[in-house]
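Pasting the structures in now, so scroll down.
Consider the two complexes below, in which chain A is the common component and chain B and chain C are the respective partners.
This part shows the complex of A and B:
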């Protein structure tokens, strides 16, 4: 099984991965301090635009990936809408109590979740892990032993999928029928996890020995096959967020969608 | 000649084992020597290579004691498993990993990578090729390339071809012969056909981890032949010796009266693409059909289609019933996988064999009797309470076959059951299968071994690009390999 999705390289792929990561972290954190739903809505649009237009993946795939995140949006929004506190009642039925305040807070929370998701998948879809770790070693001084361990670990994932498939066939051939319920689930977990874990542990050990046999651990200074540096695209990336978010903030002040400036319940 | 590696009075013990693996083992090796180390499974051959390279105790912590150990300054190590020697996802990155460790300047790397890839004749136009898309033989050549990048004086080869088919094996030894002629080489290997003309010296171990012989290859090969047979070494002529010793007759062809399996316009799908196309073919009771073909030709797909593990279309009848009307295919047919570990579902050898019978809710007494019979037949009596994972390679293989055939299905499908096995285990498995065949079981077996085709099968299928390109007797197969023959009765 191969996970080699075809995609087009965009300028997002050419960013310095460490820089991209740090920018994303700052954006993640900043979202937590936004309480104005008008700004939050614009913020979400800014991140989703970046994702929808510049990920370089076919539009169909992009939408498909977005599907589970819409589910997260709905689930995190509805729980706040249905059960959150508020004074102006819109609808009440048993435990469910929808108020104006809880409704907007719910939407606000949902947008937050969507923004996190948008930023996260943009990063994941436009960053090759190998470049990320090379960049972390070169710009963030990550010790090579961690970087190469992660890269070696990534190689094992497709192998494990193949193994999973083989075990599934084998179970079918042996006529294994799992019982329903907790006990059945436990049985299934045991039947799959023991062979897969034992193979993975053995593999990991062998790879570690093979890496040392190639003089990995004896090296203090190393050269790098990929030199990861900065480019004008990093500046573009930074400017995109500065300009777009400033505009988003300005528009939310001048042309608010809703007459609410703070969704928190006092 | 100067000494390049040596051990004196080496003692070594693995955690959890009750006895020493080595007790006072001593040997010395000289520059330029090509040494083959032979011995039964578990005698410590690979461990000795690891001690001589310094991997033990530097990378693998095992308590050892020795009066004296010399290890070479620069060495490279090629391991058995093609999937577990790489840490990077692409060919160029993997070799670059070694160059980085050696602090080769970045601007020289591409040229060096190209040099080593060409050296092992890995015909790649694009160096940035995913390692995963390479065949086993190509992966092992990549492993040799990355080891050559270390510019070693000494090469340690730890069964580099154990997981390869005959073609891959030959390519690997051709590569090694061309790159390592001026180096000191230590080889541990069971399949020694292609190794013998490369080496000079053989060290022979016994089960107890003692050196029983150390000398020139010709002397060892003639004086210790019986040991080689007992240890299951694939020495040249091992098949001929076996056939003569056992007085093995050609299998008697079964009668071709009623069809057991009959397919027409049969297609097998992986995802949405057609991977198997078969026009008309019938299988008769008591046949032993070997399925041959290159890697990726669709041999496993054929078995998976018969076993209905993948989607199929077309007519597929078993004993005159259409496959759609068969409720439980596992009552008619069973499957033995290439890696036995994946098909174990219980915690002991006994339960493993009893599993299918327990599922069918047979009477306890009958189950006990059947399992006891199979434990004896497959020589697993003493291991019956052990966990399947604790068994040796050969025992695991026997258990997987025993567990698969316990319901005495009429058809057994086997996917390279002798893969990675030594000669002794291979003969045992083949004899067990032949025994079942004589009782009326029909065998369909994927194999790369032409000897199995020649001495054991009654019929050969050759698969190319998902199509059945040859169907006939082994005699016809070997007489006119180029001409396509269709099975006629």
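This part shows the complex of A and C:
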């Protein structure tokens, strides 16, 4: 969801949003059945390539977006590396016990997290929320009252931030000082969250009454301002994954990086 | 009382609450990996924040389906703005919301106390653990470490999505805003008869 900085539109932007989402959900579930680290590594490369080349954002920004991925990779891998089951000990220190098996299993988990992150960020960067909800209404038959509620809700985000600023200024001008420590943190949480939540609910209620009066919840005979359909790019998207993942699978069988076929502990 | 499904008002209020928490969910990720010192599972203590939308929304609106929609909407909000966890959040969100919804449904949406909120939080924690089991090879962790992982997550869930959520809604009740969106209760009808 990008409002304020420029990017090029690529073929990924032209995909049918529902189709893109469903494909990615299938890919997500398929990853759960991959236990071969060689295939997993190739799989990760295939998804990250799509993001690196076709996101339409300048390369520098793409690298910046990749930075938190590193944390995700490390944080997903470490628990299993340090505390996983295994027999071939590499390193032992106190509670930490690194074995060959746990190490590769940890890396495998890190790669999984990277794949999910790659797919997710590709979707987020190449999909306009409005098109997504129009597409969900037209192709997935999502009831309009859900879709329009969500779109209206997204529009409230900037107002929420404005309100946050207002509360901050109001407290500043009155010279409110917060205590330090846990109690101060709780106090701060309270003075911000209560007014922000209550105002949001009031506003949402007012908008909803207006929307209902204007028949936004009507299902029958509804017409749509945006007509979302399928195109040749959807086929291309499907083919990209079929061809690339087949190649990834074949290569992992023919030229494995590691002599491991299943990272699970038997 | 007309209880046939949720009206647009209920849905919009649910979704707006969910979006507020969706932003919290997104901001929670850096917090989460900041408290992750080498896998001793301190991070699991704060994992419960990702279940809070379901309980808060239900405690405010008190209608069937609200918990599920809130958790899905919060997860989608987090997903659409580009979560580091990517697709994971969406799929976890659906299951977490569903499990919380089951708990509220089991008491026929008639109880709004701190116990039921905590039970819903535990249910969400179980949902997330189920996914972790398949996704993260949980059973391949050493036994003591696995136990620590589960206990930390459940305790954290109760504290954040159960107890904290309950008091948050209590404070909101004091502002009177909840009267806008709740269905009329039996006491309201009794008050009319007097």
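Just so it is clear, the second predicted complex is superposed on the first by the 258 of 266 C-alpha atoms of A that agree within 3 Å, B and C clash if a C-alpha of one lies under 4 Å from a C-alpha of the other, contacts with A are read in each partner's own complex, and residues count from 1 in each chain.
Here is the rule we use: a contact is a pair of C-beta atoms (placed from the backbone, for glycine too) under 8 Å apart; a residue touches a chain by one contact, two chains touch by 3 or more.
This is a predicted model, so every value here is computed, not measured.
Once the two complexes are overlaid through chain A, chain B and chain C fit side by side, free of any clash as defined at the top of the document. In the superposed pair of complexes, A:258 makes contact with neither chain B nor chain C. Of the two partner chains, chain B and chain C are each touched by A:154.
Of the two partner chains placed around the shared chain by superposition, chain C is the only one that A:25 touches, whereas chain B remains out of contact. Residue contacts after overlaying the shared chain place A:130 against chain B, while chain C stays out of touching range.
Of the two partner chains placed around the shared chain by superposition, chain B is the only one that A:221 touches, whereas chain C remains out of contact.
Rounded to the nearest 10, the superposed model shows the Cα centres of chain B and chain C diverging by 70 degrees about the centre of chain A.
By the touch criterion stated above, A:170 is placed in contact with chain B alone, chain C being left untouched. When both complexes are overlaid on chain A, the residue A:146 reaches chain C alone and has no touch with chain B.
By the document's definition of touching, both partners, chain B and chain C, reach A:212. Of the two partner chains, both chain B and chain C are touched by A:198.
Taking chain A as the reference, the larger set of touched residues comes from C, when chain B and chain C are compared. Taking the two complexes aligned on chain A, the least Cα distance separating chain B from chain C is 7 Å. Counting contacts by the rule stated earlier, residues 148, 152, 154, 198, 202-203, 207-209, 211-212, 216-217 of chain A appear in both its interface with chain B and its interface with chain C. Taken together, the chain A residues at the contact with chain B in this complex read 2, 4, 130, 148, 151-152, 154-155, 158-159, 163, 166-167, 169-177, 191, 195, 198-199, 202-203, 206-219, 221-225, 227. Within the complex, the chain C residues that touch chain A are 7-9, 11-20, 23, 29-30, 32-33, 36, 38-39, 41, 43, 60, 69, 73, 76-77, 79-91, 134-137, 140-142, 145, 149, 168, 171-172, 175, 177-178, 180-181. Per the touch definition, chain A reaches chain C in the complex via residues 1, 24-25, 28, 32, 65, 68-69, 71-72, 75-76, 78-85, 96-97, 102, 105, 109, 112-113, 116-121, 123-125, 127, 129, 132, 145-146, 148-150, 152-154, 156-157, 160, 190, 193-194, 196-198, 200-205, 207-209, 211-212, 216-217, 263-265.
The residues of chain B lying in touch with chain A in their complex are 53, 55, 58-60, 76-77, 79, 81, 83-90, 92-93, 96-106, 109, 130-133, 146-147, 150, 304, 307, 309, 328, 330, 334-335, 337, 339, 341-345, 355-356, 359, 389, 403-404.
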